[in-house]
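Shared between the two complexes below is chain A, which has chain B as its partner in the first and chain C in the second.
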Partner chain A sequence: MDYEFNWLVLWEYRDLLLEGLVLTIKLSAISIVLSTIVGTIFGIMRLSKSLIIRLIASSYVEFFLNTPLIIQLFFWYFALPMALPGWLQSWLWAHNYEFIASVIGLTIYTSTFIAEAVRAGIQSIDKGQREAALASGLTGFQTLWYVILPQAIRIVIPPVVNQFLNLTKNSSLAMTIAVPELTYQAQAIESLTFRGFEAFTAATLIYICLTLTISLVMGKVERWAAKGQRPMAA
Partner chain B sequence: MSFDVITNNIPYLWEGLKTTLKLAAISIGLSFVLGTLLGMAKLSKRALIRIPATLYVEIVRGTPLIMVIFWVFFLIPILVGHSIQPFTSAVAAFTIFTSAYIAEIVRAGINSIPVGQTEAALASGLTYWQAMRYIILPQAITRMIPPLVGQFISLFKDTSLAYIIGVLELTRRATIINNREFKSFEIFTFTALIYFVLCYAMSRFAKYLEKRRRVGETKNEKIPEPEIMAGDIGAQTTP
Partner chain C sequence: MIELQSVTKKYPGSDIPAVNNLSFEIPEGEICILVGPSGCGKTTTMKMINRLIVPTSGKIKVNGTDISTVNPIELRRNIGYVIQEIGLFPHMTIRENIAIVPTELKWPKKKINQRVEELLDLVGLDPAIYADRYPRDLSGGQRQRVGVARAMAADPPVMLMDEPFGALDPINRSRIQNEFLRIQEKVRKTIVFVTHDIDEAIKMGDRIAVMRQGSLVQYASPGEILSDPADEFVENLVGKNRTIKRLNLLKVEEAMEDILILDSTISLADAASAMDKAGADIAAVKDSQGRFQGVVPKKRIRRALARSWQTTLSELADEPDVVVDLDTTLHDVLSEMMQAGEAAAFVVEANQCRGMLTLGSIVETVSNNE
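== the complex of A and B ==
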């Protein structure tokens, strides 16, 4: 092994790593919020009584779940603008379209997994609850909002948190469409210094810290949501 | 919209699909071996075996795949002293990554077999390896198959990341055509459809296996469900 490690390059390029980290956090945070909303909507739609709504929701979920994220990113980044009018295209290119496309891609991809988790969570609530709520005069929406969702949310939180972690890790793919997030910056350091090993070690450690932080925070949320939860009758 | 760009490039993309399939098949085979050993190591009573295995699994699962790919790509040349084929590098990266997830499937599979079975096997004079080989693993494996198929689907989608280090698989070839012909819409829709058809078919198969397993088990006896289900396709459970 005649490779000499030079960890000082990391200190020299700390600004790049920091900028990358900030963008990774921003990208992940925005996509986490959006994919939770979109995923919940599609998860509920998959249980609709209307065949058409169910069909729309399940085609959405199945298609985007079974396609690689990288292809989806390429599609939103390269193909979508082509279908848009010229003025909108130039507006998008002037407003950091790489970032917008990666938010779209990450949101849609992750929302399919969240939709599956939400659907499974709602289905795990005893049918009698729904029937009782409806019989006591609540409307369909009220039943969902006041009776089903508050119970389902406790079951849904752990798998959804997993998806938040996956999303954060998947945000590294945004580098392929030139979003200067953490992985992109690590590669930039590599091409500036040929210190690939050091750069990627640093980035890996940062990702591990990031996912650990999210797990810790969400663990607290999980315990908070479980508070006051009565043992459920089987 | 024109489809010439697709029909003209079918043979080129077909070669890419073959590489993708080869990449996925070799990597899943290797990760199965490594993942089984890791899963057993995680259940070991000896701390010297259990802790390194646990660390490996946790670190890999906290790391984005792209990072593992870059790591292997830059680390192996340092270790062996010369550069290696991108394909080999990609197989190594996918194996390192996927084996950590398979380790969890194996651990859950073994855990789902009642402890009494191991105890009985050991009490009847079998060694640990014999008990694993003849008693525990054959039972655990039927439980593990559906989540393993799910992992294979994940891996199949993930092979698209080999694009980054220049392996000429399906995604790389699609981007090459795109750079040449500027028909992003047609190219990426078509490529997405290829992935979709294969992954969807496999996920149906996984659900079918899961259903058959449940029917088979309720006939015989009720055994607690394993922690990981085929339904969580790609739902890689991170700590």
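== the complex of A and C ==
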């Protein structure tokens, strides 16, 4: 093998890597928060008493869950603006629309998985809990908020954390619509220096650090959520 | 008062109604026991009273108001419900569980804590130990007691209790039953109470509603159910030993015999002659302040006299093995006597010996009551 490693290029182009990292964090963090909110709402809607609400929620989930993420990104980025009035188009293009489109794409795509996790979590709570809460005179909303969700969260966290990790990794697809996030910058370094191995190794390590950090933080959250609910001692 | 008027419930997808044309009335301040085989519609009936389930037809009134016309949240806050599976919230401490309705009613924090502690005391759990634990740290029986405390938290005038003492061992069960009846004497709530245990039904109920396949078979006082079962079904439910079941209806007061009470300061010779005169084989001994010290058989005094022992009446007196209250049922007295292997029980209240029971006095009371 004739390839000579030159790790110094990474130092030379550290600004690009750093910018990419910051943007990846921003993109992931915003999408994580939004997809959690949207996903929880749709997850709860799927269990609604009203058939219409259930239908809306399940169509949403089925549709976006079964379409490739990259197509969704292209749709939001290339197709949607064409349906919008001209002034809105120019406003979007002036305001970083590629970033907005990737937040929309990642949020919607991930929210479908979160909705499924939330629905399964709520369904796994014993129905006696709901009954006991209602019998105590709690309203439907209070029952959900004080009794069902706090218990479901413990069950929901592990699959949702997986989705957070997937989302962070999926955010690299945003490069296809010209968001200069981490993968985009790694590629830029490669084309400037022909040092692809070094650039992508660096990007890989950074992604690993990111996902490990998320796992660690969420592990703490999970332990907090499990208060009083660790499995019973035999 | 709770009134059910031709109440029927058909669950969707089922041809046979779970509750069929049920009509009865529970007067204010009384305990009505629902008994019947599994699946006969007891829980369904209870859930219709607090509108967790809507009847297919018929009308239910609580204190004169048709419940279908009131806000269900408001209704349920005035009806304490102990659900069959206990249903404590695992992510909340015992305190938070009990406080859930008072918190919704926005009671001040201090009042809530006071109430929680009062209720835990009432159901026999030390608040200092249990208030801040989670349900998983408690045994099944303890959780059940917390379930009862939670239902009572906001002092609702009506209580629905679905097998509230099912998970308790016989001794604790009998204790909490007694405690519950004592509280009920004072608070006079209107209570619907489900049980599978006919002894419990006879002991706790002012009235018993016997249900079968969603219908009411008999609705009567425990005494009537025992002496006059409506049909073979009720007869089988009550069981063969109806006389023995009656023990649940009779209290110590009714079978108690007087007991001779001796001052601990008198001489053994005086004690023996006092007992001879009264024809008593056993006597209670009280100290100079009138407090109960124990019981002493005449034989023991005679023996001490014959051997000229240097002893006093106090030293000869023994703490009895079976001590009961005036309102203990004869059923409970008998089972305590059997357990202790004793032929007599002593009634002690407020440090005073009020009397005694023997197997003979119990048998006589029961046969007189048939």
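What to note about this one:
Simple rule for what comes next: the second predicted complex is superposed on the first by the 228 of 234 C-alpha atoms of A that agree within 3 Å, B and C clash if a C-alpha of one lies under 4 Å from a C-alpha of the other, contacts with A are read in each partner's own complex, and residues count from 1 in each chain.
By definition in this document, a contact is a pair of C-beta atoms (placed from the backbone, for glycine too) under 8 Å apart; a residue touches a chain by one contact, two chains touch by 3 or more.
A quick note: this is a predicted structure, and the numbers were derived from the prediction, not measured.
Within the superposed three-chain model, A:147 lies in touch with chain C and out of touch with chain B [touch as defined at top]. Of the two partners chain B and chain C, it is B that touches the larger number of chain A residues.
Of the two partner chains placed by superposition, only chain B is touched by A:204; chain C is not. Once the two complexes are laid over each other on the shared chain, residue contacts for A:7 go to neither chain B nor chain C.
In the superposition on chain A, contact of A:132 is made with chain C only, not with chain B.
Of the two partner chains placed by superposition, only chain B is touched by A:66; chain C is not. Under the contact criterion defined above, no residue of chain A touches both chain B in one complex and chain C in the other.
Those residues of chain B that touch chain A in the shared complex are 59, 62-67, 70-71, 73-75, 78-79, 81, 153, 157-158, 160-161, 163-164, 171, 174-175, 178, 184-185, 187-189, 191-192, 195-196, 199-200, 203, 231-239. By the touch criterion given at the top, residues 50, 52, 73-77, 79, 81, 83, 85-93, 100-101, 104, 134-136, 150 of chain C touch chain A in their complex. Within the complex, the chain A residues that touch chain C are 126, 128-129, 131-139, 142, 146-147, 150-151, 227-230, 232. Taken together, the chain A residues at the contact with chain B in this complex read 1-3, 62-63, 65-72, 74-75, 78-79, 82-83, 113, 116-117, 120, 159, 162-163, 165-166, 169-170, 172-173, 175-176, 183, 186-187, 190, 196-197, 200-201, 203-204, 207-208, 211-212, 215.
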